[in-house]
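Structures given as structure tokens follow.
Here come two complexes built around subunit A, the first alongside subunit B, the second alongside subunit C.
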Partner chain A sequence: MSELFDGKEGTQHLLMGNEAIARGALEAGVRVAAGYPGTPSSEIIESLARVADKANMYVEWSVNEKVAMEVAAAGSFAELRSLTAMKQNGVNVASDFLLHLAGSGTRGGMVLVPCEDPGALSSINEGESRYFARMMELPLLEPGDFQEVKDMVKWAFELSEELRMLVVLRSVTRLSHASGMVTYGPLPPREATARFRHEGFVLDPQEGVLISAPVGYKHELQQGKIRKAREMFENSPFNTYTGPEKPEVLIITSSACTLYSKEAVHLLGLKDRVGILKLGTTWPLPVNLLTRYLSLTDTIFIVEEVIPFMEENIKVIAAERAAEIGIKKFYGKNDGTLPMVGELNPDFVIGALCKILNIEYKARPDEYTQAAQNIPFTGEAPHRELTFCPGCPHRASFWSIHNALELDGRKGFVCGDIGCYAMAMLPTGFSVVKTVHAMGSGSGIASGFGKLGQFHFDQPIVAVCGDSTFFHTAIPALINARHHKADFTLVILDNSGTAMTGFQPHPGLDVNALGDTVPSIDIADVCRSMGARVEVRDPFDLEETRKVLNELMEDEEGLKVLILRQICTLSPEKKAGKKYEMSINEEICIGENCGCNRLCTRIFRCPGLVWDTERQVTKLDEVICIGCGVCADICPAGAIQRKEAGIS
Partner chain B sequence: MTGNALPKDPYNVIITGVGGQGNVLASRILANMLVRKGYAVTIGETFGASQRGGSVMSHLRVSRQGSWSPQIPKGKADVVVALEPTEAVRVLADYGNPDIMIVSNTRPVHSVGVIAGDLEYPPLEQTKKKAEELSARAWFIDATDEALKLGHPILGNVIMLGALAGMSPLPLDMEDFKAVMLTSLSADKLDINVRAFTLGRELVSH
Partner chain C sequence: MSLFGPNELIEDVINKNLCIGCGACIELCPYFRSYKGRTAMLFPCTKEEGRCYAFCPKIEVDLDRLSEFFFQAPYSGAPLGRYRSIHTAKAGPKADAGDFQAGGTVSALIGFALRKGYFDAAVLTDKEGILPVPRIITDPADVSRCSTSKYTSAPTLSALNQAVRQGYKHIGVVGTPCQVLAVAQMRMNPTAEPDFSDPIALTLGLFCTWSVYYRAFEPFIAARVDISRVIKVDIPPPPAEVMEIYTAEEKIEIGLDEIRELVPDTCSYCIDMTSEFADISVGVLEGRTDMNTLIVRTERGQKIVDEAVAEGFLVLEDMPGENLEHLQWAAGNKKKRAFAKAREEGMINGAEGTRSYLRVDPATVSDCIA
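Showing the complex of A and B:
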């Protein structure tokens, strides 16, 4: 979107939260941005990459989040403003470096943007990075709407430069992936010069070495900075109060929960009874400001996602200031007023306020609720289970893995990993995946299973990872496995991009985030250099894939790697046209009488094939079918037929 | 700021469908048309599962005032645009109310549970009846079939947006539609999209 850069000062735009983060960084004159893709964070780096040339920036998709933070830190060390963005898990990956960076301090303004996923809408966890801010002793900001997202990012850079420390700005799915109105500010001049000064006095923060030692001195320095941040936060314009002078209930909230709280007060008509203190600076908390607002009433309701981070930190302040402000009744997560897991929404806040104030609210007539609420359970709207896309190479890969494991017969299983293919724990991947944890963990766990032979462990182990995951964290696990002679087969599902998050490039490709041609690193070469046996196949060749898998599983010695290479069906080049025109020969498909027991629809479950209950044959949905041709090899009767499609 | 008064502020639109149907794109086009009319729009989207056959929804809050929650409160949707018929009624469970208006595509997308034979897909007549029972008014149009006649199923979304323009009080003008489309597609594709939008408007006009 070119208007992200070209939009004029003072104009209003509808921006996704992640675009607002990118615009804020551009207005701050960011020069270096690095990240690793992960929903809901990916559009930040993507948006910056798109305008990098115009803005005179360096932008990269790094190999993982720790390296991304290191790359961004180098920019800061060279006195440029830098940003790193990642999803919540990424902060765990980067945390080893983060601790040291917090100690060493920064030079050019540096901002870390973790985008979290309360409710795990596109994650398999709802991890929190706010505790990292406290644990690493770093300032934490949480914007409450879209305009603030942009404005706070810009301010975060200024704050970082004033304090000479990394600033954390936390977003959540409902800001990052939601959209709202943003008014643009000015963009800075394009020119910038990078220089790393390192010849000054050893403790000179601007001209000496960058290190977190001597620890006592540096740690104390860091805590001094945090104290200064707290003082600055006391007067921050991002901490706002709306409501009566003497509210019955004081809501304290932050982030997207600000919008939920506002909505609830609006719908319940409580603006004269309930006040909302919206905090933009959530670590360290502004003690004097909180003391002032806590004094307004004795009923405090804290609204936040997911863990009661503010709640517990505010209670400490309330205890310390009890003599001054009196005894408070707190509502929030700890007392069960709000749930401890999942994301919130306006209705949770409405329900809680009704309980606290003992009032009633009905969103709609009871008769309507009775008639409508059971729709998802009565067959009116059949449940939609997640599945691989039509034409997805993973469906073919897991079909072969499933069949190979069945044929092998030793109760083998798959150690899964993070990517679309994690869905292979569901029927869409024939439920073969039995462990899924962090990125690269499939290989690491398999390395451990592969050393249990002395305890009579004789189940064959298959690990899977994607091509991007291979570079992210699977490589060290593989080195470990090879070095320790662990026995397992790694299947690398190479679909030529970080597909799940929208096709960001990785080191296996000859293109980078900026679109430049760059050296690619061959996955097979890397595995061979470790001494692994390496095979490369096309997952759409079902018979050959199954065969080689069984061979590898039977070969019990050490690390074996099978690379299944087939480009993702959603990739731009693949979307261009169908490879095959598919058809069903209804004379050959004899449905229930076949003996196959509807293998194609009951087990293979591609959304492009539909069982026609009336006519008792399989039919093709031409709007959904992508023409990969794989199902032709599934049908034992040969009723599913393919012919080469003309170039579209 | 120019533009019509809204019957309600914020005015709440849900676009619902199945992953891969272009739900997010439809919400972008609609939102940008309204932004051109001077409204503040907030959009909430669920697109983690969007490519993979799950139910997906976009919530649009149209307002004169500014940002609202990206999730519409329960029971508070004003209009539902459903790219798939069973999704039209699924939405009512949480967001429906007696005053809601619905416009739905008629073409089913079978879930894997249905494909596998574990679940049954309800007949269209049953879906229509439920939708009519639980709304002030419901339109069902053959958007995908009409789009296939125009040459590409993806035009079904634009037909649905045209239908929304024809049945809702939102000020959705052809000029705004053209301007928004031109920011994302080449001029030679504009004509077919204009035809799709017009067709959608006609399909709900009687």
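Showing the complex of A and C:
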């Protein structure tokens, strides 16, 4: 039984924010959901996929975010409610379509849920999709707690239908991945009918064509919708004020910062001095509502994460209404009260309030703070580094890539891409990766480097991408490279799934998000069809992998592809199995002496190998060793030994 | 001779382009590897003292100390080094036939020693296409596949290190002067390994004026002939001034002037033409393509040569005075040029605490240059 679907109306459930988003969509009767995996968004589509059959939904993991948004849009065009979810930078990928969708308008309610990652806890950027809402002229909602997450998603569909435009509902890591109590509402009937009406008058929003032209007419129409949204937001129940009638300081906040602000005011005992205006509708801003609250005090403190989006927009309103509300003193990001990067927490808000109100507060004794800061250096906490898992095929792959580049000796380098393997810019991947940008960019950048020969560029170029990234956006870059005779070697780290985000399927696999058997697309065939030389190897065969890589790097001009296929250690298929029983013969371990100098624990650094400082030998951490056997091949003394394990 | 480690090796030798790629630092550890003629350090090693540095023939080579160790006398500075006798030689009737350079003396001696059990393994240089490939040979029948000169520097000593690790105890090594110098240093156990015993049964040194950097040679040849078709490369003895590239169908001649352009700078610092720290040295004989020059330097070298002659594996003749004179002139010139260059660049006998290319009595250097 799925609690998400079968929970009764009026009952309370502890839901993760992403589950609350899914429940809200279910209560709204969503029929089509599509996305591309990306932390912290992935559980939305996963949750919906699990109940798709019961809820009569179509759910898919699309090849990328743009396609996901297109698939969802088709549902809306056919008068169904649809949702697309992605991480913050996924909106960048989808943004070209988004611009045109904003112009064409929608029919069935359609909601875009970007889940953002302030502080880049699971990202290599802290991009902002709020600006897309403003730039594309779309309504933006930001829930402030878990109940609101569910309720606002449901309302977002209604709003979308009323305005006939896409609605953006933004979440952040601390909402998506934290949990809170949510009271369920009713679910709609199961039946739904899809129909795309296109035979009416061309400009008829329900029966005409869906296109962003004629641009003048459509753009004006769109702006009219935004004005209507603004009017609706003036009375939205999601914009709330708590605090005294005449606060000394007015906090204006939204999203997870609502919780931080409440906690700060509570801890400081300031509920009679500080008011909190929590905005659920952050674009377009409700001007009259803000004018009213800005009138309450002259000291305004805006609490939001990363870029001062609300702050700048509120200041415009304050300027426009200055005659009415007087001159305000603003605290926020522009004056340095809060940082412009990273995520916030209650401590930041407490610190800022203390400064603004000139009060003393210490959340904890100085000695405690000092001790806590020193922990990484005192050895009281074990040293943890960003590293590949024990037995990760990427460690083996990058070992060979590194060695091939060093042996080649022409200062070759790797253009990295997005996946666990981006960590190869760190020692865990022997620091071979020298560029990491958007998904697919490794291949695109390599394509560019590969055309610099006329300027005496003679460094070998290796690009890497994962199997999911290959389908996501590497393919066009490879076609570009092949067509323009760019000279580089692409190593596809094929670990049979979208591993970093939790093994979501991709077109290379024969299963989809719903668990159905579907046709798979062979990566090698795709590359061969482009005319690339394609080799397929097992990355656990270190010497063979190194050899073929050197050969490919020395090959005459053109696109070469090496597919290194080895399923992810953490994949459900592999988790229980151990190929080898590993052991260490301490008698012959060279250790720190000339001839080894701890190659395994100093350089290779699989977490399954541990240096015993007392006995001066390497020992095995049998609890985490998964028996891949690779370390036996790097040990110069043959001290690390493997024997075939019985299949468990 | 002071002892340092891999980081100094990188600084003193690799980064200064003094590395000739002899292979002395390869197969000792997982850090140094040779690929297509180039020595690479794969990962940083933090050892402050290492065999890689101690064996390297391009840094902190103490010529007097080596000479005292092997010849019980300081480094002489004589053009051909210290030796017992010099001859012309060729393979005898009992030696295996093969495609030899000149008289086949080296193959005959190695084949003989393996057959007699004086060696349990021989470390030789085979080739794949034009790429020299180090080999451990244990079957005398396999010796001939490694015959003929390679002209490109080769990491032959990687196979020696491998053979030592595999437990061979009586190894015969054939190498160029730089490799022979490295072997001599290895035999002195510079890192004072507690269980050390000299694994070298015989060092057979080749004459060498320079060798070619493989990575320059390969594209050079590829531009002239399909490398996969090359079956032999030869430089006939002077006065010929050409390199001959043989395929099944044709012979291509390339002027040595062009080839010398591909010689790495490090060869110009080399003071040794005739492998002065070998037991036996072998080279071409000017004006004759069917004979070699053979220099016997040590007692154990003498013993093998005498036995090989007695058993019909080797034929010796007297060295004509004119040839000896010319060989001394050529070797002396090489030594003189190299000593002068190294001394001018401050690479000899650096002050205490600094590291030098060579250490040797300054008077010897002055005598050589004069």
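The rule we apply is simple: the second predicted complex is superposed on the first by the 635 of 648 C-alpha atoms of A that agree within 3 Å, B and C clash if a C-alpha of one lies under 4 Å from a C-alpha of the other, contacts with A are read in each partner's own complex, and residues count from 1 in each chain.
Heads up, the rule we're going with is that a contact is a pair of C-beta atoms (placed from the backbone, for glycine too) under 8 Å apart; a residue touches a chain by one contact, two chains touch by 3 or more.
What you are looking at is a predicted structure, and each value in this text was computed from that prediction instead of being measured.
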Clash or fit (per the criteria above) of subunit B with subunit C on subunit A: fit
Superposed arrangement, angle subtended at the Cα centre of subunit A by subunit B and subunit C, nearest 10 degrees: 90
In the superposition, subunit B vs subunit C on subunit A residues touched: B
Touched partner set for A:Arg31, first subunit B, second subunit C, both or neither: neither
First, second, both or neither for A:Asn550, with subunit B first and subunit C second: second
Partner chain(s) touched by A:Ile634 [first = subunit B, second = subunit C, both, neither]: second
First (subunit B), second (subunit C), both or neither touched by A:Cys594: second
Touched partner set for A:Lys225, first subunit B, second subunit C, both or neither: neither
Subunit B versus subunit C as contact partner of A:Gly409, first or second or both or neither: second
First (subunit B), second (subunit C), both or neither touched by A:Arg605: first
First (subunit B), second (subunit C), both or neither touched by A:Tyr260: first
Minimal inter-chain CA distance - subunit C and subunit B, angstrom: 11
Subunit A positions touched by subunit B in one structure and by subunit C in the second: 603
Residues of subunit A that touch subunit C when the two form their complex: 402-403, 406-409, 430, 550, 594-597, 599, 603, 634, 636
Contacting residues of subunit B [partner subunit A, same complex]: 18, 20, 31-32, 35, 40-49, 51-55, 66-71, 73-76, 86-87, 89-90, 92-94, 96-98, 107, 109-117, 119-122, 126-127, 130, 133-134, 144, 148, 153
Subunit A contact footprint on subunit C (complex, rising order): 28-31, 33, 35-36, 38, 40-43, 45-47, 49-51, 191
Subunit A to subunit B touching residues, read off their complex: 12-14, 39-40, 121-123, 145-147, 174-175, 177-181, 256, 259-260, 262-264, 267, 345-347, 350, 363-365, 368-369, 371-376, 379-389, 420, 423, 427-428, 570, 598, 601-603, 605-607, 609-611, 613, 621, 623-624
